[in-house]
């Protein structure tokens, strides 16, 4: 994170997807081994615009529209990496990973290990997660699914600054990286982000695996990521008016999981709430709470809690969706409940 | 669990896979809507024999060998269920689920919910997991992967009695059930199982979602499942000689997870060790520890720990494999470490 | 096997008006998720009308409203589901991409290529039942390049199962031109599956009906799978909100000339049907949909307390 | 393009003896996982010898030893990997189903159907490089029914990528007779992908060589993908330990008549090559493998403290 304060900055009227496209462009200029394969990444520049302009800049060999054949083109990432390229594979929505998980977890994630380190897999899987109203098959996050399977870094940025820096880090990494954008953030303007809204024009990286405290507080630590960081900050503002001082930690990546950072914060505040837009069970929240307690000892905290999509598919109707997906109001309620416990 | 002591019993020389085939046979006799689709389930009766004799008994319409087209025949389960059948789909090894997870988690698991309860999915996905020496792509357990995704029950029996009773329960359930056999147990003879070795000849069910204490102890609770139950019992015997009295809880299912049972045991012993042959991170162990602490309060236990495949693919060489996969010796060591902490 | 053009015209009008009702729900914010309409492709669904029985299965895609209408799914619960209402087919849990009408063996999925495996299961059920029911899977021209397409058609071919695949070829898979990423056309793939294949003009409902009826009849007779590829145009963006910048204004104009409703109306007029009569038909269809829309709008969203129902028959785990 | 029969015979001997060395490792318990040998199918791999360059990629299956040998992978590290030794190609981390020789662009996977997508990536790399290298994916007759087969061949056909698919048709996918679950033969699928396709007798190395060389030459010239289907017999169970009860003794006897080594030897004898000379060749090949086997046996298993290496370049997360 080396950015001088007088660096030229991207316009606050840009949206997040443009920042991501910009990050990819800078890395592709610097490294011609990077190629981008996916549906609608070329002529359209991505359904949310996060690869816009790349095909124009680099041609249709390096930025290629694919048929709806995710197994084939995810596997192409394996062959390309073995041939010395650094492929970025776009799976439009993370919900579709079920048609090609095989190449992701049995090849991309394991080839470095199975080859005894001889075959690195510098592959970025870029995909979009999160709820924007499209029900059970188009609203998932699934970072917990990837995190359970060894061999992949899993990042899910919350801010424009991180989105660019983590994309650059992912493209420069020699390890496989799953990069999960949030659909609900991609079209937001930089100026509207509560944190990390200032984005330098030049190249920089945000190291993968380091959490960041985005709001200091004394009473309770919220650890979360992706779009929920924004919601947690809104909740924290509301709670401040009610005398509850919330610290918000942005995990930024699920693997590696910066449990040290969260543990240090929770040790100070005494309470930990994990907020997760992914399914609650058998995922991030249980893992993070367990790791923090492993670090601090089981009795170290006054309170632990988690809040997320409680093991139910995402329903279609807005009324139902709001009942299952965490938002600022439900986060604030979860904090109040945790604090009320003592 | 209604079995009189004078019921006729299966021979102790039978192996586990024969018990499973027997369970399926009894249910298929009772309900002609059950059909079995999978690779090698018919002519061969399963690569481990756990569908042996079914095609002979019910014909090749109800028990059908499939091409290596898992997406197609898993999806067939969906259509068959919607047409009133109760399909059992065999995915030979759970490692192969990456080619067809789509139909499993986006259709089988979600259709009941997405249809507002109008389209039940009485589908059993039968598959085999666990390490028997075949390295990274043929040794996984992955119950944590299924458990993270809502809408599926996930069972993984440890004993012949449970294997039969849970299979019957799965086939009678109106919910989707993932039934994970352990490759390392399938060819073991009933008489060699340390618990649940006596299997009645007739039909019975073991309810899905209830853990069982298979060994009482005072000092520490081991919660585990599948083949690790056997290893935990061996470890417990060894530890008994060292003055550590271990209680072993067999979870039997991952979803529903009987955290109440584990919490009650851990509250008595004061210590909880979760042993998991699946990948350790973002899976069963973090979930179970968190749920137990949610039930008991964060400071209720003296010690918590977990032991499993610590986020590494399964290596080929025996020397490496033994270093990453939990066995009775490593379980005993983990217990000693936990107890030594206080 | 075909109906008269006037009847097709009415079916197409109904589908168009239904789709327009959906558009109004996006504009009003009542539909808050993605919406895909088949405006421009109505003749394909219209051509299917009357050929399938209730016990034939139909599994459709993200662009599914016309197929539901053709299968006889009642309009009001279907529209209510799309409008996320508790009176919907699925009580508001499913939404536009996840419509289920078990009474008519109609279902849909939002995952491209996922229709064929499910339809194959229905086809296998018909085989087990010893019935002559068939199963139809809809796919777009993009969906034919998925693995599930191949796996399912191969199995249907090997087992001679009654699977009919209706490929709606509108040239585009979102922004990807299908011919640029497909080695051969969809109908040409039939021999690889020992299937029967044909391509028809999907702006002509009678042509669709002839081909589709033939495919269904063959399947009913136990002659195995078939692929019917019907060509037509998608007039709007891939989904509502798609800026559709990947298609030029010239192309869009050329596409508009292939509006099946305009073509049919021109033909009806040529047959001597009066403009007034046709205008009456339009008004009548519109009024029918308007009445349904009004009732759908008046219905409630599902009660949020129900959000955890239906995960398991016995409640959430 | 073909080599002389004597040379093929030596290659086949080497493969057979290599496979038999592996069998001895199962018997001794040194190989503790699954093992699949290509005994009976040696002529296919032998026919590939000399046609591929180091910069051509070859992606093989669970039944991969012969292909590695044909690609020029050094025998000792390959055998050592299969024997789970630290001197193995992958240091003992991969094992028999997961062999990697990046210097020769040789790799394998234990997942059926997973070879084609990977080879397609190599083919795309050749296209990006502007080179005339090709990529070969091996599949069994069972693997052709996977979705990845279709997706990859379609893409290769649409983009005219240099992908050659070698289908080893041994009639069986474990216990499933492939013709019972395949709508048509593998070679017959070529037109669906605008590919070139042919079927050859896979017990005849020269016949394999002619077909394979033609497929590779076409791909090198930019004429797109090809499918070469070679028929042969798998003599042993699917894996060591498979009781193989699904094939009758009569069938096994009939299969044995198609032993490519017996056929070649008979032909060489008919050409006037003396029995002694042939016996010498056998002994020489055996001695070579025995020497390698002895060194492999003497090597160590990897140190258990290394078990967490290689997950990430920077260590475990």
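By letter and in written order, the chains are A, B, C and D; residue numbering begins at 1 in each of them.
In the analysis below, a residue touches a chain if its C-beta (ideal position, glycine included) is under 8 Å from a C-beta of that chain, and two chains touch if they have at least 3 such contacts.
Note that the structure is predicted; figures quoted are calculated from it, not measured.
S.K.: What chain lies farthest away from chain C once each centre is taken as the mean of the Cα atoms?
M.R.: The most remote chain is D.
S.K.: Please work out the Cα centroid separation of chain A and chain D, and write it as a whole number of Å.
M.R.: Chain centres of chain A and chain D, defined by C-alpha means, are spaced 40 Å apart.
S.K.: Based only on mean CA positions, could you tell me how far chain C sits from chain D in angstrom?
M.R.: Each chain reduced to its C-alpha mean, chain C and chain D end up 45 Å apart.
S.K.: Would you mind pulling out the distance in Å between where the CA atoms of chain A average out and where those of chain B do?
M.R.: Once rounded, the distance between the two centres reads 32 Å.
S.K.: Check each residue of chain B and list the ones that touch at least two other chains.
M.R.: 66-67, 69-71, 95-96, 98-99, 102-103, 106, 110, 113-114, 135-137, 150-151, 255, 257, 281, 311-313, 315-316
S.K.: Hey, what residues on chain C touch two or more of the other chains?
M.R.: Touching at least two other chains: 90, 92-95, 98, 109, 111, 145-148, 151, 154-155, 158, 180-182, 311, 317.
S.K.: Connecting every touching chain pair, does the picture come out as line, ring, star, complete or other?
M.R.: complete
S.K.: Okay, in this complex, where on chain A does chain B touch?
M.R.: By the definition above, chain A touches chain B via 71, 95-106, 109-110, 113-114, 135-137, 144-145, 147-151, 254-255, 257, 279, 281-291, 293-294, 298-306, 311-313, 315-316.
S.K.: Okay, in this complex, where on chain B does chain D touch?
M.R.: For this pair, the touching residues of chain B are 39-40, 42-44, 47, 65-71, 95-96, 98-99, 132-138, 281, 310-313, 315-320, 322-324.
S.K.: Write out the stretch or stretches of chain B touching chain C in their complex.
M.R.: Contacts found on chain B: 35, 61-62, 66-67, 69-85, 87, 99, 102-103, 106-107, 110-120, 150-151, 153, 173-175, 209, 255-257.
S.K.: Over in the complex, which chain D residues touch chain C? Could you list them?
M.R.: 145-151, 153-159, 180-184, 188-189, 191-195
S.K.: Which residues, counting only chain C, touch chain B once they are in their complex?
M.R.: 57, 59, 88-95, 98, 100, 102, 105, 107, 109, 111, 114, 116-129, 135, 147-148, 151-152, 154-155, 158, 309-314, 317
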